[in-house]
Amino acid sequence: MSSDVFTHPVTVRYMEVDQQGVVFNSWYLAYFDDAFTAFLGAGGLPYQAMMDRGYDVQLVHNETTWRRGVRWGDDLRIQVTTARLGTTSFVLDFDARVGEESYVTASTTYVVIATDGTGKRSIPDFIRDVLGEPA
Amino acid sequence: MSSDVFTHPVTVRYMEVDQQGVVFNSWYLAYFDDAFTAFLGAGGLPYQAMMDRGYDVQLVHNETTWRRGVRWGDDLRIQVTTARLGTTSFVLDFDARVGEESYVTASTTYVVIATDGTGKRSIPDFIRDVLGEPA
Amino acid sequence: MSSDVFTHPVTVRYMEVDQQGVVFNSWYLAYFDDAFTAFLGAGGLPYQAMMDRGYDVQLVHNETTWRRGVRWGDDLRIQVTTARLGTTSFVLDFDARVGEESYVTASTTYVVIATDGTGKRSIPDFIRDVLGEPA
Amino acid sequence: MSSDVFTHPVTVRYMEVDQQGVVFNSWYLAYFDDAFTAFLGAGGLPYQAMMDRGYDVQLVHNETTWRRGVRWGDDLRIQVTTARLGTTSFVLDFDARVGEESYVTASTTYVVIATDGTGKRSIPDFIRDVLGEPA
């Protein structure tokens, strides 16, 4: 991957490691969530600012593949890339890496919704700008 | 303790067990929180009903003592008793037991507040009734 | 689904509910994990017994679809069915329901491994017996 | 406090914030745990190195006082100081701060144990050196 891929560092908490000595599977989704927020923020769109403009996102689908377990103290970094852009939904790819190696990858589908509870919305330009062109 | 002490069963999740093979310390506070809600509910006051009447509680202090680690699969039960009743605050004691043995004990101080953000309130009678007389 | 589908009840912890008032996405994977263990146990194979016989499982893939958010106090039940049986891996389907409605569904792929660190194993008969025929 | 107090930055995860919009109480204990490990590490004693020398610690008591709730995005920093040094146990104080303000404070008692399961040990000099003189 090119060096300009957005990367979010994660500090694994001791409590996130299970009896088998590796990060328990569900925590990766929490990491991806934080990485997504950081990705928006790095693109100039703090989450709160998105909501202030009347938009929020809803996670509707996730696929995760675990190849290797992250251990406490590992230098975990999550790469985030835009994989697909639809009318009301988009897909982000996540790659959880330790050093040069990919440990866990995931793909998450988000739907853009209105904050007033009226449901789906077309992705507005100011969000499209942050997501960029799919890789 | 008498047999009529309120007791809340806890199903330990696999993810709550750490590398040392015992429940990580912080989860007990989550268990106590659930036990507190169940305690109110068993006394006829569902948490939501308390809030609908304009009252909520805020946790301000907790003291926990760990004697022995709970393991995955252990039949964990938490006893809840009212330890102290003040004007605006009250203290509950928690005893996390496996079988007849006390593994972890705690004491938590709660302050009664208004749900409208105006701060502390005297504990109303309908909450006092549920808490009962301190042991 | 037929009435004999294995069903695992989940008590949602207050802390598992996020700012949006619904269970945060990652907790479902923790629920599925517990449901899987309960599924084995109900079939006569406690997790520890499986490990004592030299076998463990590794989660390698998960796909989850969120349709509706579970709230605190909801009567959540997770149905578990065997979806696929391979030589060294198997797939379980999970359906997280509140009442008659399906809120979140998932499909998880597990690989059977040896507990001595020597890697993948063919699924032994005593595990196949518990998993049963794919639906 | 003097400027040389050890300080551990915490990135609050979105999932750690509850329905009330503040970090749920139990997460602070997870933060303190990480802060403790970082405190040892900053003093030249990585946790694993301590264990490799045959020593571990066990958390036996914690007292936490919540004054104000931390929100998602807050710049949370935890100060760690040695409060008491006994023969086999020691006490650390934690101060969770946002900016100049103290939000949550805690005091935790740890007992030094042998990694071989033989119980309590006198605190060895190499650990005393890291803990330093009580404030």
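In this document, chain identifiers A, B, C and D correspond to the written order of the chains, with residue numbering beginning at 1 in each.
The rule we apply is simple: a contact is a pair of C-beta atoms (placed from the backbone, for glycine too) under 8 Å apart; a residue touches a chain by one contact, two chains touch by 3 or more.
Keep in mind that this is a model prediction, so the values were computed, not measured.
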Most distant chain from subunit C, judged by the mean position of its C-alpha atoms: D
Distance from the mean Cα position of subunit B to that of subunit A, given in whole angstrom: 35
Whole-Å gap between the CA centroids of subunit B and subunit D: 24
Where subunit A and subunit D are represented by their mean Cα positions, the distance between them in whole Å: 29
Junction residues of subunit A, two or more chains touched: 14-15, 24, 26-27, 30, 33
Graph class of chain-chain contacts, one of line, ring, star, complete, other: complete
Residues of subunit B that touch subunit A when the two form their complex: 14-15, 17-19, 21, 24, 26-27, 72
Interface residues, subunit D side, partner subunit B - complex: 24-30, 33, 58-67
Touching residues on subunit D, where the partner in the complex is subunit A: 11, 13-15, 30, 33-34, 37, 46, 48, 73
